[in-house]
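Both complexes shown next keep chain A, but they swap its partner, so chain B is in the first and chain C is in the second.
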Partner chain A sequence: MSAIAVNARVVAALGMRSIRQTFRRPQLIAPIIVFPTLLLAIQTGGAGGAVELPGFPPVQSFLQFMLAGAMMQSLMLAGNSGGIALAVDIEMGFTDRLFTAPIPRFAIVLGRLAGTAALGLFASCWFLAIGLIFGAHIEGGVAGALLAMALVTTAALAVGGIGAAIALRTGSASVVQGLFPLVLVVLFLSTAFFPQELMIEPAKTIAEYNPLSFVVEGVREPIIAGINAGDTAAAVATIAGIFALGLVLSGRALRHRLRSG
Partner chain B sequence: MPAIAVEGLERAFDEVLAVQGVDLTVEEGEIYGFLGPNGAGKTTTVRMLTTLLLPTGGSATVAGHDVVREARAVRASIGVALQEAALDPLMTGRELIRLQATLQGLPSTEGKRRADSLLERVDLAKAADRRVGGYSGGMKRRLDLAAALVHEPSVLFLDEPTTGLDPVSRKTIWEEVRELNDAGTTVFLTTQYLEEADQLADNVAIIDSGRIVAEGTPDSLKTEFGNPHIQLQIAAGSIADAERACAEIGRLLPPKDGKLIEIEAENGAADIPRVVRALDEAGIAVESLELVRPTLDDVFVAKTGYHLEDESEAADEEAVEA
Partner chain C sequence: MMEAATARVAVLPAWRANLATIGAMMARARNELVRVPGAAIPGVLAPTIFFLGLNGVFGALTQLRGFSTGSYEAFIVPVSMLQGAGFTGAAAGVNLARDYEAGWVDRLLVSPAPRWVILAGTVLAASARALIPATFVFSIALLLGAGFPGIDGLVICFAMVAAMAAVAACWGSFLALRFKSQSAAPLMQSGMMALVLLTPAYAPIALLQGWLRKVAEVNPVTDVIEAARQGFVGSVNWADTWPGLLALAGLLLVLGGLALREMRRTAQ
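Moving on, here comes the complex of A and B:
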């Protein structure tokens, strides 16, 4: 077996462990699936009339509009949960077991990210299924649904890189967990839950330049209107940027951890 | 070629030198006991030898590979069971061993075969599909040992494998270590238990404050540094008075547990009547008295000035409280 195939098996095995770990630890799965689902239900049930407001983008239903926001919330918290799980591994010494294996040490980070990406894919399927069950249309059809799933999956991978970097740098699950409210603030200051046109300053300007808004719009367009090349390109570029940043920060944090022991 | 060769190994953490110029050689097929109290530098040394920590000075080779320049080759040759078994409580025993097999690059079918065989060997076959979080301390250590063996390493590092375990679990681990060694595996064993080093190790190094203070076979160390001593407990009176009464008979060792008085007996049993007479003349009643053959603890006292046994008992108490 070639070295690449061996390393791919390692990443897949660590990714599988990461997924199992998430589903076996309620405090990890709850923020990814349960909380966004509850928030989606509360918002669509309580604020459905918002679609009538002047300036609200043309949508079939408020649920259709909110699906992208729920998926964003889920993938952001998947990245955070991935970071928490990695920090727990560091705290209990499990990463030492991985570091003493004859594998490239960055494969340990990639394994964790593969698991986070898989959770992103799961979340996108979950929320698209909820949308379809409760009557939302996917205007972009099957291609649009696949595009939304791909963007959510890769965005989870990218955000997971930031979570992994913080976990590797601090080695503390409580520090990574402490970022939970910050994740929500960043999310609420994007277009995940409100159209930018209806926001007031300074939130409107912040949302305009918040990188997450580009990802949200990339996911939302295939659902509410159909595939839009411009929005898709902006989302892909933003995800690539976050992914690159996460990889660089994770690499540096990993080197620091290995140097300091 | 030695299995492990270390020269002038050092590790500093900011201003603190945790390991200060350690030299040691472990021959192939040997059990090497690395003995010392908490904070002596045992774990830091093991972390450098297992490539988890970069040395700040000196050099080391394991299985013929340099721990800095050929770290991945070192990792392919060694098995590691670290202090405080690093196990994921959410995984099952079988999942953990199979993951370890994948990490070591074993094909899937071979990994499954070895996992089954190792779980059987360490008597965990029935618990293999239970989550590790529900295992006892002894089961966790046996699982950790099995995981370290999945790729049949030539050198096995065991960092305090029995700390906090009950005597039965401790003996089970010892038997497993002996069997592995009989099969040709070199074992580097850190411990704070004198009996463990005495029972298992072909050679022993004693480390204190980051430096090796004695090295040799357990018997040679005891012969070189230890004399028999008379250990006594007084029924009434002060320990200080008893020590004064016996001071001329032999060197007084630091009191053990704060209760037992120990006097070095160069003449062996012939010194016992002198001790009894001295105490009698001082009006001190004796509750118990025995002649004790030299132990590794005597070597430890001779080289450091304090008992290792008190340290290991404290560690056990901490483990029990935890």
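Moving on, here comes the complex of A and C:
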């Protein structure tokens, strides 16, 4: 078997372990699926009248508008949960055993990220299904839905890289768990839940420059209006940037961990 | 500390012994807070972030026809305070599950203290602790321009917060003793989150979507929110207060009863 095939098998095995781990632990799956679904239902029902506000973009319903926000919340928390699970592995000594195995070090991190990406894909399917069941249209059709799924999956991979870097650097599940409020702050200060033009200052200005807003708009456009090359390109560029940052930080943290033991 | 309290209460009349035990349990919860102050941070941060986030995101909703106030800060602050109470009460459940896993609950259950006293200690400690995030969120709201609700409005709001934390602690204790594992934490938190937010939390009841309006109309916490909110969006009156008190009494009776039953089952 070639080296690439062996590495792919390692990544797939670790990715599957990561997915199983998430579905077996309520503490890990609840933030990814239960909380965003609950908030989607409550925000749609509670703030649904917002579509009548002057300046609100033309949408079929508030649920249609909110789907992208729910997916973003889910993928951000998937990245955080992936980091927590990796930190638990470090605390329990599982990662040390992997370090002594004859597998490349990057495969250990990639395996975890593959699991996070798979959870992102699951979340995108979950929320698109919820949207369709409750009457939301996907204006971009099948191609639009696939684009949204692809963007959410890759964004989960990218955000997971940041979570993995923090887990590798600190080796502490409680530190990574402590980032949970920060995830909420970043989400609220983006266009995940409301159009930027209608937000209140200073959230309005921060949301304009928050990288997450570019990803949100890239996921939202195919759902509420149809595929838009500009929004898609901005989202892809932002995801690539976050992924590169996560990769560099993870690489450094991994080297630091191997040096310090 | 508990042993000393038990020795002291051995010679006291029953009611004083019970009060001393409740006091000892509340002191234990206070010591946890004093010794690990960082443990209180998530309980304070979460409702504060929700308050600031919801205000920044949904603040423009006050422009909708039928909105009862022009200040979204004033409208949403009681919700965030009650949400903080929900988180704090649920955390009491998580702590009880942790205590069970560590064997501490078993030791409590073989003590001569009545079950309801043990539960009351846990629940009252959560009530007192919930005043910390509520005070923090209220202070932030005042700084951001939410009007002062008046002494009567403030007292009613804080009373609702303390009682809501007691409800959440009963719910958390019930689940902790049912599942006997900290893994039940998401259920404790999401249950309280749903109870508080499936109400006119984000907008007045007339502006809610059909299904949520129906749920909010039968959700007892709607009356609690309306009672806590009245001073912030208008004047305080008995007609808006008593339904909230009645709802809390009912919730405490039902969830307290469930928690107590689970505690008796655990002891058996």
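For the reader, a short list of remarks on this structure follows.
Quick note on the criterion: the second predicted complex is superposed on the first by the 261 of 261 C-alpha atoms of A that agree within 3 Å, B and C clash if a C-alpha of one lies under 4 Å from a C-alpha of the other, contacts with A are read in each partner's own complex, and residues count from 1 in each chain.
We take it that contacts are C-beta pairs under 8 Å (C-beta built on N, C-alpha and C of every residue); 3 or more make two chains touch, one makes a residue touch a chain.
Small disclaimer: the values here were computed from a predicted structure and weren't measured.
With chain A as the common reference, the superposed partners chain B and chain C fit together side by side. In the superposition on chain A, contact is made by A:92 with chain B only, not with chain C.
By the touch criterion defined above, A:199 reaches chain C but does not reach chain B. When the two structures are aligned on the shared chain, A:52 is found in touch with chain C, with no touch to chain B.
Judged by the touch definition given at the top, the superposed model places A:30 against chain C, while chain B stays out of reach. Using the contact criterion defined above for the overlaid structures, shared-chain residue A:17 touches chain B, although it does not reach chain C. Looking at the superposed arrangement, the partner reaching more residues of chain A, out of chain B and chain C, is C. When the shared chain is aligned, no partner comes close enough to touch A:255: not chain B, not chain C.
Between chain B and chain C, the minimal CA-CA distance in the chain A superposition rounds to 11 Å.
In the superposition on chain A, chain A positions 25 are in contact with chain B in one complex as well as with chain C in the other. On the side of chain C, the complex with chain A involves touching residues 42, 45-46, 49-50, 52-61, 63-64, 72, 182-187, 189-190, 193-194, 197-198, 200-203, 207-209, 211-213, 215. Against chain C, in their complex, chain A makes its touches with residues 25-27, 30-31, 34-35, 38-39, 41-50, 52-54, 178, 180-181, 184-185, 187-189, 193-194, 198-200, 202-204. Residues 47, 50-54, 72-73, 75-76, 78, 80, 82, 84, 86-88, 90-91, 95, 99-100, 102-105, 107-108, 131, 147 of chain B are the ones that touch chain A when the two sit in their complex.
Chain A contributes residues 1, 6, 9-10, 13-14, 17, 20-21, 24-25, 89, 92-94, 96-103, 258-259, 261 to its touches with chain B in the complex.
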